[in-house]
């Protein structure tokens, strides 16, 4: 969870706008790919030098420049300065501890997103920061490492599926946000299954491990919630942005993504409610079992303590020779049987009393 | 509860506006019915082909086109494109995981509603998504399956009861929303009865099953609450919409429906408070019973342990032959009686002590 | 508490504006009284036919028409249509499940209020719905039954006390709202006394009945809170209404009533805090008593169990004939006394240990 | 705490604006003092008749009229009507159950404040209502009894300390509010000390009295909070009032007082957090001690119950004459010693087991 | 924690604007240093007399006047009056109990900040108040003692690193706020480590000290939260200030700091969630251990109590001579062995029962 916070000591005392890579280095070498397209034209390539991207700034076609690996500060810096990006934005791009947000710089819009994925091995969430800069006819995206959720967008661009090739850079940006939000649904589905699995057997077998599992799921929900709330704000800011970079037709789509983020939040809240309920069930089961244990103790003890006392009485050694008043019962013909009978009677009375009290 | 979330994997990677049916298929075949009316004229029929509905778009009379079964994407698509509905709306219509909402597209208003019904067999809530498109002189509604709460509206149209035949499409829309909200009251009444039944005997017989029942009711209330809050917003948005599709006279009625949604929310909150109170009563009853059990143990044990000790004393075998100091009581004339007397005295003292402490 | 919700099934499927009486029928026959007054003139009478009230609409004097008993739909309907009241308002008047609210219809203002009274026999709150319609020179009020809190207003009108006879219909409306809000203070005072009574003896005698009493008071506070919050909004809406029906001079008075509703809310919150505190005290007292019980058990058991063990040792029958090592203590001259001495020592040590631990 | 609510029955049924003294009568006789000053002139006197104050209304100098004791309704009434104060304001002045508030009546501003003081004898808070009316060149203040926190203001006026003599009536009003807010700090300091005292020894000696003390402090904090929140609003309303009675230069000072009220709220919240924490510590200490008690019982019982059983075995009277299989151990040479040895072994094993489990 | 509140008694009754030093005196003597710079020029010196700073007010270069030690009221007063600072601001500067805030006085902006540092020895937070006054071409900062987090700013000024020398006083102010906020990250990292250390071994060894540690960390988080929330507001007010003292280019940077404060708040909330979770784990561990203890008691007692009863039976002294019915078992050939067998059987049955119940 402390992944939220790593800024501190590393950038301390640097002038603002100084780019310092903050985060785990997740890839070896930065890799830059460009996709240039319009209605009739499509070109995708991987470039060796940053400078090869520069001409796209002034071409009328839409260009998507994607950078995988942001620890190579020089690449980011040169790209940024050519496309006129503010030093603070560049500092933000290489700092992976940002919150999702939208910032409107008139000439371009800067968007920070968190791309989540579910890690099967640790049953946990992996988060990767995606920074996107939207210009009039270009989108530059920065990712921490190779591999993303944008493959279907590339496919649609390539095969001219849907209207993506007829539209501008803002629609491309929307498609990216949409792809990231869709991934949240996939993750929530995974968690939904885990929650259902955890719920089964909660009453029948309330071992402490289940408490641990519930708490861990709750933590994950808190983390998701903390990720998706600022995302919701960022998408909302994008939709309402008074920027001419976002065309009216695209706003309808952005409102749709916005609705999706609300649905994600709804689902998270539902899961949190379910987990809270499961916690209550667990605690109540534990307490029920404890009560059961205590009842057994009480019943056994309450029945046998008086019986043992009676047996103790007739184990006393008062001397019959000294006086006929000393324990004459011991010398009765049916003394022993009478004693056992009394014990049986006491037991039966108690059992009936407990039954009536519905203790078992 | 996870019915809130099923979008994820099914629509993943599709371009926006691609219609993918998301939900359970609840009917065999789509069925289209049309009702066309004005002050003097009424005509209701079931159409075989979508195209038969097309002429109604340009007729001055009010037309209500109702589609039962939305898995037949082609029907929805053709209807939608003829009436000029945005692809995103069509995608929403066939996705049954939407939240209630109102969207104003100038030429038409798109409304998503959840029609609830109470399922007697499972004592649970069944939800069905109803999408409504309001145009200048038509209303198109999409339902997941046949059977709805609009029968009384059809009856009023047929028999010219009330002012519905004199008014426009917006009043028809209002009538539909009103019918759906009225259904919420019916469901709440059902729950009210169940809650009252559950409450009885909560103190006298706090078995764990009751806890389960309370929790299940709480979950239902959470579900209802999550359904009705966005509905409230949708109705409010409809009332305040700056659209010329909603006439001034109809707004008064919409405000009335809005008040009804507030009443529903109020009732849900009241039920939640009652259920929370019942939970407290249950837990407190369980704890009271446990305390009672513990008190019985304590009283029995506390009385008999000292008595058993006394009996143990006189069960010791210190040899009277070895010394006159060894347990001379055993050889007293009234030793045994004195011993019993001491025991009775101890018991009486303790009982009085517990009484004074009000332990029983 | 389910009195909040009774609409459902009774009005289901009716066209809006259809008047259906919803509620308990609390009186036999509707009774209409009119009070007509201005600075110099005062006339109060009971009318037999609704039509007798009709002329007052166009007279310059202020008229207060009061209807007790709203189940006679025809009376309400005829009165309403003559005074030009919207069918939806009429539907609301005869439905006693409304929330307090203010609605401004330009020609008149419609106000729903809840008149509360304290029922000594059940120690509960009785609520009665009062609907008021304010026109330019008339006030029409609808009550569920005879008997209200407006007697002092009638007295002031009759005896020309205060400035009520010099002012218009809006001041009369204000006086009615004020009288209803004042009644809330009376009820709160009653509850204040009940709460104080309940608090006494909470620590000394925490029986489960007290828990029940606290919970019941909490429920009452929740009910009051749910009644007064919408009332506060209704009064605020009235004060801020941009209607020429409310004169500037009257707004000062409405602000005063508004302050009173805030005071009521404040008092309710204070009582709720006190009740929550009392609940904590109760639970903590119960737990304290339980701890006390457990301590007694522990002390008795902990002292006697070792003693009984010692007694058990010397009750063993190891044969002295078989060996001199077999329990020689039994044959010592001071064996028995030594044994008793050891027991006394053990007891004293334990008592001292418990004392030092401050267990008693 | 029910001092918040005493309005109810006393003013019931009176026309609004009827002055009814609501509160405890805290002084014998009303006392009126006037201070009249400007830059060069200072005059303070006690007046016998209300009428002596009347000329000050039209003098250009600033006048502060202070009334101690508000139960003499005639005094308030005559003063009010001469200075043109609304009857509702006069009703509010003599009703000591008002919430702090600011009301702007154009010609004057009406301010209700609560002057608190700490009562050493009951360790509680005493509240006194101070109503202030600010006119163009006068301030009229009404207090429940003699004795206030304004002595330093009088001193500054007398000795011309600070700029108070150079400024107008609004600055005098500010000074009064400031003095009252400063008093809150004094009270909070007192509570801070009490809280620290209460905290000490909470773990070492968690007696129920401490719970009582914590709860009482919490109640005080709730009371303070309920007093200071409306005060904050009142000061804020005063600062933002669009009244020409408040000069621009004075607003800076009012903002300063406003900051002080925020600080007071902050401190109250901090104390509440501390008290909640202390409550948790208390409850956890009680539970810790109970656990300790239970552990001692368990250890003693668990060790001695098996030992007593062994002793019980060899206390049985199976007849050695009947068979050599009947308890041959009793006739072994080292039977008794072996038996004791077994007991010692069992004890040692258990002690080691408990040690390993870290039960003591 | 009561450091939030020390104003009360010390400034009581003083006219507003009276400077009274409130706080701990943390340094011997006030020390004034000035840094004067522009693009081409840099001069840093320590001044002996306040008056040496006066000429900087009218020089076109940017000047940073820093005062360490604010208890020397005369220094603050003379500086303040020369630079035209309001007496209330001066009063605030020497009162170290202020909340972070921004106040815009047109000619200058007054900012109160809390500079935090982590004290290794007490593992606590040290807070120091920094007041900053921003004029057109100067920044005056007041600190409680020497030593601050601005060393890197001085270094950047000296070595002309970054753009700080090319920009105005507002950028210097931003740099100071940024440095202070950066320090919060450092502190949060420290706490992050402490929290992780505390979490380890929480389940395995839930001693009460851990509870104490968690609570202390929670208090720290509350303190941090109370510090950073007003800071966030202050930075936001600075960014949105409609003052010409803040240039447009600087606002981007201020928004960046604002984002940092949000991140700090996020991290604090995350830590609070973690600590709450840890508290739950602790309490649940304690309760688990208690349950384990109770189970051992129950099992031991439940097994041995019946066995002891059986042994007690055959320890009774019913006389065989008196009757053959008196305990014939004692005279059976295999009586003893049968008795032991029965005991073994009872034990085995119970163990199996407990096993099936999964009690151990």
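Some points to look at:
For reference, chains read A, B, C, D and E in written order, and residue numbers begin at 1 within each chain.
We take it that a residue touches a chain if its C-beta (ideal position, glycine included) is under 8 Å from a C-beta of that chain, and two chains touch if they have at least 3 such contacts.
Worth saying up front: this structure is predicted, and the values here are computed from it rather than measured.
Shared contact partners of chain B and chain C: not a single chain qualifies. Look at where the CA atoms of chain B average out and do the same for chain E: the two points lie 42 Å apart.
The geometric centre of chain A is 26 Å away from that of chain E, both derived from CA atoms.
Across the assembly, chain B contributes residues 294, 297, 301, 305, 308, 312, 315-317, 327 that each touch 2 or more other chains.
Neighbouring chains touch in a ring; in the direction leading from chain B to chain C, they appear as B, C, D, E, A. Taken in their complex, chain D has these residues touching chain E: 151-152, 155-156, 161-164, 174-175, 178-179, 182, 185-186, 188-189, 192, 196, 252-253, 255-256, 259-260, 262-263, 266-267, 269-270, 273-274, 277, 280-281, 284, 287-288, 291, 294-295, 297-298, 301-302, 305-306, 308-309, 312-313, 315-319, 321-323, 325-327, 357-359.
Interface residues of chain D, counted against chain C in their complex, comprise 1-2, 4-9, 11-18, 86, 88, 92, 97-99, 101, 103, 205, 208, 211, 215, 218-219, 222, 226, 283, 286, 290, 292-294, 296-297, 300-301, 304-305, 307-308, 311-312, 314-317, 320, 327, 329-337, 339.
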